[in-house]
Amino acid sequence: MDVTIFMQQMINGFSLGSMYALIAIGYTMVYGVLRLINFAHGDIMMVGGFLGYFGIAVLGLPFAAAVLLAVVGSALLGMASDRIAYRPLRSAPKISLLITAIGISFFLENSFNVFFGGVPRAFPVPPYMEKMVEVSGLMMPVSAILVPVVTVILLVIILWVLFKTKYGMAIRALAFDVDTVNLMGIDANRIITLVFGMGSALAAVGGIFWAVNYPSVEPMMGVLVGLKAFAAAVVGGIGSVGGAVIGGLIIGFTEVVVVAFFPELGGYKDAFAFVFLILILLFKPTGILGLDFEKSRF
Amino acid sequence: MNIAIKKDQWINLAIIAVVLWFIWFASSHFDEYTIRILNNIAIFIILAASYNLINGVTGQFSLEPNGFVAIGAYVTALLLVTPEAKLYQYAIVDPYPFVMTLHANFVTALLLAGTFSALLALCLSFPVFRVRGDYLAIVTLGFGFIIKILAINNPEVTNGSLGLNDIPEFSNLYWTGGIAIIAVIVVLNIVNSKFGRAMKAVRDDEDAATAMGVNTFKAKTLAFCTSAFFEGVGGGLLAALLTSISPDLFDFFFTFQLLIIIVLGGLGSTTGAIIGTVLVIGGSEWMRFLDEPMKFLSYETTAMPGMRMVVFSLILIFIMLFAREGIMGKRELKDLFKSKKKGDK
Amino acid sequence: MILKVDNVTKNFGGVTAIKETGFTVNPKEIYGLIGPNGAGKTTMFNIITGNYAPTSGQVIFRNESLSGLKPHQIVRKGIARTFQNIRLFSSMSVLDNVLIGFDFQARYSFLESIVRFPRFISEEKRIKNRSMEILDYFGMSSFAHDKATDLSYGQQRKVEIARALATNPELLLLDEPAAGMNPSETEELGEIIKKARNDFDLTVLLIEHDMKFVNQMCDKVLVLDYGKTIFEGRPCDAIQDKEVISAYLGDFHND
Amino acid sequence: MRKLVVLASSVAILASVSFAKEVKVGVVMPMSGPLAAYGQTCNEGVEFANSLTPTLKNGDTIKLVLVDNKGDKVETATATTRLISSDKVVGIIGALTSTNTAQVMAITDKKQIPVISPVATNDKLTEQKEFANRVCFTDSFQGAVVANYATKDLKLKTAVVVIDQAQVYSLGLSKAFTEAFKKAGGTIIKEIKVSSGDKDFKAVVSQIKAANPDMIFLPMYHPEVSMIARQAKQIGLIKPMFSGDGVANQTFIDLGGDAVEGYMFTDFFDYSAPPTQKSKDFIAAYEKKTGKKEVNSFTALGADSYNVMIDAMNRCANPEDSVCINSEIKKTTAFEGVSGVINIDKNGNATRSAVIKVVNGGKAVYKSTVNP
């Protein structure tokens, strides 16, 4: 196991990890504000992937325009799901919210399966993304480098929004107590819908880059990734955007290390995300970066 | 007061007698296909009634059924399949010696399946019930996922994705129907006891329950382990009905079906769980037409396979938005009569 | 001495909610904890009930330290409480609400409840009768089968106290019992608490703002301000104490 | 006189038509759920074959009763029971995967209804079952074909095998290949386990590159294989790659793109080299109906399941006697099917030819045929 192979695996881990992080951020934001596990988040990522596919393959848009289409489309879907399904249930018991989220998740998966068929479709990756970059013997496609870069940029943007803008303050306040925010003259429902929009937009970006790195889209692609991304968000510390990135990287690295250095455990790769989840709950329920929910958020 | 109790007992006995008669009548008069659906309904009543205990009665949102049903099915299958049948069907790798020695009769197999699931539930309850918040949903979801992966990656025990075949078909309507009656009685007895009250208190207001001296951790764990026990037994019955099981039988869709059942029936109502089961399991057979080509006012749609699933998820969302109480709300059968009596008082 | 709060301090991060506070409550006494908002009264309550662990100091009940005990264990030792905003179990009847208090006193096991053993039936009958007695005592037995949250505010308060008494406590903690009540209801509540104190030989520790109610009820009071004790003694003396007044009404003669 | 003969024969035909009963044949296929794509392709073959030969020798018309099992075991059991007890079918075609076919056979064996499975290739499927048959070759035959072709024709010595534990098909085929490859003098350097539904195989391909084998055998379905091929190309791992029939469809080539150029795989049938006259007619009719010449091998096998079932029924005195149909199926010899010449032994397994194809210029090109 010479150094280049080790480095190659580390880069694989880093790109997979940042993929999970990108989606985990969306989970954490919605959970931070509404204490809701958005089961449909993984499927909104799938919708993002499909919109990207339609943008490029059907409408012939350039890559950037397709990403924009996916982001806007998914954001609207996220907002619509909040407006139609979650807003009426604001005062309902927590269990109804969770069941509705599962209902939406199944609805998205199965309606796409019925209307677009279960056959995976090849995602038209733009050529410059496929170009290989060689650095001292290490080979990686441009897309594998782009993802960590995009994740960092988005992380900075979100932290800027959260801590430097009016809306950010409203969102952070909302995370404490929805009712008091209303008293402060802020329309809490509008902010919550906005958060859904932001979370879904992030999922769409995650979906696009997932489809670019693994060029295929199909209705069930969001299920497994979504679960792992949520486990990442909890491991990192639910509610903390930075925690989501750390959790994503941990799970991404573990999966690569397992396959690279313990091949016979290959079959268990997907289980590790959940093993971490249960361990974290045993020893540090608030997660690595997480803060005790009674106190503060993000 | 005790005249009312006497009357209730008579009503219960009458209901059980009617159900037993129906089981005898069905298994001797109905055709194979209807009997199989009734078997499915009976097994799902066991699963739904017990799943309602942790979800509806104790208000702890958990997604555990597919994990424990899988455990129950595998434990029962390993105990029921004859050593010769095991020898020839383990294709990937030879089974461990202890797998060959495993053998038990049907009742012991089901009891072991249930107890094993309940013990596993006990271990799972420590990381989960110590902490508040809805981690239970995700941990139980992950747990079901891990069980499926373990079943796939341990061919020496479970024969991997080939699954276990030639399980003797013990499940008939007497077994599934009988155990369904027992399960419902046990769940109702628990709900109408101090343990049931403690569970309902935990659902309504956990802090207030603690302030009344209720050990909420114990109440939640009792509900979780009881649910797991019956899910294990239900899994065993399912294995003995299908006569062949494989890991992909126990994925999340199994839990999703149970979720629709107890939500439709009314979270917290055992009678509701029974009604929900009949509607969803029976209904899904009847709704097969959704998958075939349909005629809406002379507009002929081509076959849209999978349409049933879309309709199911819409029903779930619809119930949650507009009829959150479900059919029975939190009421039981007896409450229906009572409320009528109170009405005319 | 039935309850001794021994030099307790509690801080959340940088904020010191309670600073070296101690007091003792004698049997059958009605002891008032008063002070402006944010003085640490509710925090003290939560320390006694075990919901918060004190940063330093301890709580001794019947000369046995409560530190390290879980809230429900403390209740079983004989300390019951009510909440400021009434928290009855919404899905259950009045009778069931009270029965919850008897939960840990019913002597039958899980298996016995499943197979309806005779011990189960006799125990259930016993605790149902006891509950009806308590409800009768509060004149609420006719509402036994109604849904707890359908009752009026005053009636719900009575059910909450009845439910607390079901745990057969020696010390009853009342968190602003008179909050949201008109004078006649407060008057009636005061009588009930006093009567209950004698009939169930209880000791009562209550948090309250309504000074008229405190005067009518409490044998002794402790006034807290920013977590510190500024007065201990009889309520009528507290009203004249300079420090208490300035804590409540602000220092207007700051010459 | 001639008029009389014409009159008499038309009356006879009319009589037989009016007496012609409707004989029901059940079809259990995953029309929805994750396996929907495969189920729909296979069912297309059965229905098209039915439209080509809708009636038996004695004039009875064949009615297909299709039931969607969503690729789920409980549904399969319920659907099979319904076909037998309420639809009263005389034979069943179906279930796609080996696990669901095992479920169908568990029920049909007790009810003595013959089953023909189009594509379930697992070796153990028909063992100890009396009413189980299939028209596809078994994993061990397919594994041997690849192993022999690699060692004898391409002179490759070492191989890495990637196994998907979650797929029965992958386990059966990899085991068969390993045995045949070792027997033919080859050595397996490494076996790597992956799980289906996976997308990221960078770690796997890096490992294969380190092992540096002569060839790579990927006995899996097309979603995973296309990803591995792409990521292998990305890190410069260019080795001969082999798969079984799991990748034998156009979607694999679309997903793989230029990374699967030169990729070799075994298949039952190739539309560009029709093995029998029946397949030439079938392809011509298929092209007329759908305008596409490319007949997928799953479609061809679906059609052959139907044709073998009808052929056996024609040979029975009473076409609705399931036991007779079953014994006749097991006597099928040198049957000219759409996908090639099929012989079915007394265990219900088919011995038939296989073809090897290579991906060239975005198309699957016929390379050679291997007879049993």
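All chains are identified by letter, namely A, B, C and D, in their written order; residue positions are counted from 1 within each chain.
The rule is short, and it goes like this: a contact is a pair of C-beta atoms (placed from the backbone, for glycine too) under 8 Å apart; a residue touches a chain by one contact, two chains touch by 3 or more.
Source: prediction; values computed, not measured.
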| Labels of chains that are neighbours to chain C and to chain D | B
| field | Number of hops, chain A to chain C, where each hop joins two touching chains | value | 2
| message | Going by average Cα coordinates, which chain is farthest removed from chain D? | response | C
| query | Based on Cα centres, what is the most central chain? | reply | B
| note | CA centroids of chain B and chain C: separation to the nearest Å works out as 42
| At what distance in angstrom does the C-alpha mean of chain D lie from that of chain B? | 36
| field | Geometric centre distance via CA averages, chain B-chain A, whole Å | value | 32
| message | Quick check: what residues of chain A touch more than one other chain, meaning two or more? | response | 113-114, 267, 270
| Numbers and ranges of chain B residues touching at least 2 other chains | 149, 152-153, 305-306, 309
| note | Check: chain C positions touching at least 2 other chains come out as none
| Which of the chains touch, listed as pairs? | A-B, A-D, B-C, B-D
| request: Enumerate the contact residues on chain B facing chain D in the complex. | output: 31-33, 36-37, 40, 88-89, 91-92, 149, 152-153, 155, 160-163, 165-166, 238, 241-249, 253, 285, 288, 291, 303, 305-306, 308-309
| Mind pulling up the chain D residues that touch chain A in the complex? | 32-37, 165-166, 190-195, 197-200, 202-204, 206-207, 210, 223, 226-227, 230, 234-236, 251, 254-255, 257
| Tell me, which parts of chain A touch chain D in their complex? | 1, 5, 8-9, 12-13, 15-16, 113-114, 117-122, 130, 132, 139-141, 144, 210, 213-216, 218, 220-221, 224, 255-256, 259-260, 263-267, 269-270
| query | Tell me, which parts of chain D touch chain B in their complex? | reply | 31-33, 36, 40, 67-68, 70-74, 77-78, 81-82, 84-86, 98-99, 102-103, 106-107, 122-124, 127-128, 165-168, 171-172, 175, 193, 195
| note | Listed in rising order, the residues of chain B that touch chain A in the complex are 55, 59, 61, 124, 126-128, 130-131, 133-135, 137-139, 141-143, 145-146, 149-150, 152-153, 256, 259, 263, 267, 304-307, 309-310, 312-314, 316-317, 320-321, 324
